[in-house]
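Next come the structures, one after another.
Look for chain A in each of the two complexes below; its partner is chain B in the first and chain C in the second.
Right, the complex of A and B next:
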């Protein structure tokens, strides 16, 4: 057993546990995006960042990939950590402003501005789908391609493969959820991400009395005022 | 794409654990790109998911998934070359070749690529064509570089290159001279043998200049073909015990007058050759 201090509380956990698991065991909430139980930790989104050590030697590490150490002093919500998290969310929001998951995170952590150019990409490269495909579905149909700016996720040669069973696991775990977002057909939508887009009735006046799936409807509230 | 070539490459690397990068490098060297079928064969043989191989192939810039041209022009756009007007050189190449950086001309002759840094910043702007470096390239030199590349750098410059010398070869079996004074290549009598591949059987003459790669033959030999060589006098096959270290084809031994052996690779297009002077009293 290893003893460490999280936010001033001593905790004993088994060797090999990650800081994230230890903090959640104590009930300290740490937001995550690329982490999912049952998949190997990846440390891509950096949202689970925590501060370890003390004084000027304090370091920021991603708690989902950092194993516990004897006598480690961890702070999960220091000013430095919160500032870093807000910046990470703001950056992710600029890549995928249409994602409900990221919007919810932004609202939860008080990100009220976007200083970066919005790119409306359909992927934040969190790697959840790649790990889901490999580890839970045992398929390995999709993976990372390229590097740097041109890094993307997809099948080899961008063609359908026999390896893919079309289980939909990749779409189910996707925090950006572009593939399932069915904008015009809200009843088919699963992620609810379309609720964050501009509703069709705002753009098209003739749909004034259309059946609205949003309760309460943001657009109607605006037009009433 | 010839699947046998990929199979040969896979056999060559079967002893190493994974060796994916070496395999991909060999395939790239042979085809000048990574064909889709070849990657599928590698995936099957090595039991690696295709998506992983594709990830590696797209990660490294040295690998290409589209066929490259015969000549590869690499223009440096590193910081130093950039401030020394590297982008102008690239633009000039683009307009002269009619392609954008990263593309290949429709006749599959030239591929133009940019590179981040070649590590010789003081010589910038640098252009590398088929492994030959050009430094301090000016806009006006671009046309000359393209013409030189199209001509080929391999044509030996006999007057200036002191590493090139003529050899006199004879058959290792019957010791009869293989020199043919009636056919002059590079101003010297050529070496004449009988070459056989497939159903074709005819003469083949090689430049006797050690370092020149000029070859003429009665029948057009397709690239990558392994040719059987025979002595035109005793008709014995010229076949050595060793294989080419580059492509695995048998090496062809010939005796050099004055002692020693010369060995050339029997694969058309492979330029491997060596002069073995062991046991010679100079």
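Right, the complex of A and C next:
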């Protein structure tokens, strides 16, 4: 067991636990967008930053990826953390203003202005869909492409692939694009496919196991039996 | 080549080689690193070879093709040994005269280096101000060694350090030496190398351990690693073998960027030679120590110089940093304990073992021992690679070695540490260069880029340039680094176009601090440095851009206007050069630029011989 201090409270947790898990276990809320139980921590959205250490050596780390350490002093909501978090949310609003999740976060953290040039994208590249596809749906149909400014998510060369079973898992976990799927967009490599969606669960007789993460399924509302 | 089976065999070979070294006849040294070849060294080599062969001078004069010696501005240059005569900017037609002079033990006076300040001709390389103050422990070897001849390296005491540690037979002694030498990682962060090795040596869990040479040098304007790799690849290899012996690693990897073809070529040749002679492979020199090195070529991502991204790249995955801990020392390449050191760090290792750690630590200052190679570039008279002891002041580097500003301009700052570094203003030039004092003024040592800026450099434009680089080179994993660099670039772009607001400066600063705090890897955490350090020391330039819509340095295109002053002699050169026919004027009448037509290309300014074209 490892002993550490979170917000002044001594806590004992098992080795290998992340700071996020430890803090949540104690009831300290930490906002996250790219974290989901059952998927490997990735640390892309940076919303879950917490302050560790003391004095001039204090630094910020993403709690979802940082493992607990003996004697570590963690602050989950110090002034520095909140300030950074508000800036992250403001940046997110400037990219994806239409996401309800981000709007809710903004209102929760008192972000009332957005001072950057407004964009209307529907992806913050949190990578939930990529990990969902690979780790839960065992498909690896989508992945990250490019770097920096030109980084994006999609199938290789944007070509429709059989690897994608159109399970809809990627859309289900997406924190931003809830508004994207309006059932009337033309068919694309992954999304816009709702109208054309034939989830494996519908053709139950063809599959031994329903490879569906969702219960009930977001698309067809059939429950596992 | 014969495989050496024991230390005695190596010593015998070294003795035979040293016997055959001909010190009686002079040697002409041509530096032909990438920089030399770009400025025409290949032509010089061809001319020299044809002269030597044509006149049957093979027994009378030696020719040695080496890597870069550092004075890149004067390339292609020739160095004559043993007289140490230095000929800068040699043309192929001069080669004949130089060779003839060398044969007669004379010098060609009018081809010698001319000191720009005094106008005197200087014969010996050591007397040239650029070289005088340097301590060329690493770079100096480049002159002596033909990188593709391992025998040349052995003649110059090469692989003796390896021999020494194998004779001692005690890995902890090696670690102790490196620890007492107080060598700190030359890649930029300055982590004590000996300490890192000790940690690796203690790792017992993995069956194999890796040591890596990080040669993914990507900073704009920095090329010291390339020169060391091109000029003396065996010193890196020897350093890595010693590192492997000290830490118990069995596999070495040199991660080098594919944009360095000559360095890769020389490395491959050197590795093959070292393998043939038995310095690499199973049971090195008859000992029970086995070690081998392979090359991994990087595909050109700047972020792959970050150690965790580098490891993923070696594994064949996308180069993306990951959270530390676990540190590479615990969980590195393929989950095995790994130590990653910079090229220059490895090059220092044979020197440390040869001299002994305590002797090495005498160079430099307390806690910052040894020398550091900087690539001195920008608005300065002498550009090139300079190797100085740690603790030398910026003043000495810029004015004594670099020769000060070009023309009438005044130097206002140096930018150290590449895109993730910061600017140091001229009033802080008495600062000694070491890891700690650079960090104190908001810059970093980085890998050793040093860009000199004068009053024709706009700080907003500079920050914008680096931010543009970083927004493309950020891997994009962390939202704040990816979006933050894009947004910072956007704001800087606005300011440089004169459409920024004062509020935007505050926003820029706030954003920069948030990016620094909330990103995962070294790239993100230092990405704000160009903005923060220029804001810290040159905030007035930002304000000037916003309030008066003026670029004091005359760089930001949108804010400047070209005009012709009374110096104009109406020669008409600018009129001819203008691609837009924006310049009008009769003979003997001062010409005028039509600002509505002007596209601010600067062609007129560059052709004017009377400094009559100015910006305002």
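Keep this in mind: the second predicted complex is superposed on the first by the 178 of 225 C-alpha atoms of A that agree within 3 Å, B and C clash if a C-alpha of one lies under 4 Å from a C-alpha of the other, contacts with A are read in each partner's own complex, and residues count from 1 in each chain.
Basically, a contact is a pair of C-beta atoms (placed from the backbone, for glycine too) under 8 Å apart; a residue touches a chain by one contact, two chains touch by 3 or more.
Since the model is a prediction, treat every value here as computed from it, not as a measurement.
Once the two complexes are overlaid through chain A, chain B and chain C fit side by side, free of any clash as defined at the top of the document. Within the superposed three-chain model, A:155 lies in touch with chain B and out of touch with chain C [touch as defined at top]. Using the contact criterion defined above for the overlaid structures, shared-chain residue A:114 touches neither chain B nor chain C, since it reaches no partner.
When the two structures are aligned on the shared chain, A:3 is found in touch with neither chain B nor chain C. After overlaying the two complexes on the shared chain, residue contacts for A:125 are found with chain C alone; chain B is out of touch. With both structures placed on the common chain, the touch criterion links A:163 to chain B but leaves chain C unconnected. In the superposed model, more residues of chain A are touched by C than by the other of chain B and chain C. Of the two partner chains placed around the shared chain by superposition, chain B and chain C are both touched by A:144.
Looking at the shared chain after the overlay, A:45 reaches chain C, while chain B stays out of its contact range.
By the touch criterion defined above, A:91 reaches chain C but does not reach chain B.
Once you line the two complexes up on chain A, you'll see the smallest CA to CA distance from chain B to chain C is 5 Å.
Touched by chain B in one complex and by chain C in the other are residues 144, 146-147 of chain A. Looking at the complex, you find that chain A touches chain C at residues 42-46, 49, 59-62, 65-67, 69, 80, 83-84, 87-88, 91-92, 94-95, 115-117, 124-127, 144, 146-151.
Against chain A, in their complex, chain B makes its touches with residues 36, 39, 49-55, 58-59, 65. Put simply, chain A touches chain B in their complex at residues 140-147, 155-157, 161, 163. Interface residues of chain C, counted against chain A in their complex, comprise 301, 303, 318, 322-323, 325-326, 471-480, 482-487, 490, 503, 507, 510-511, 514, 517-520.
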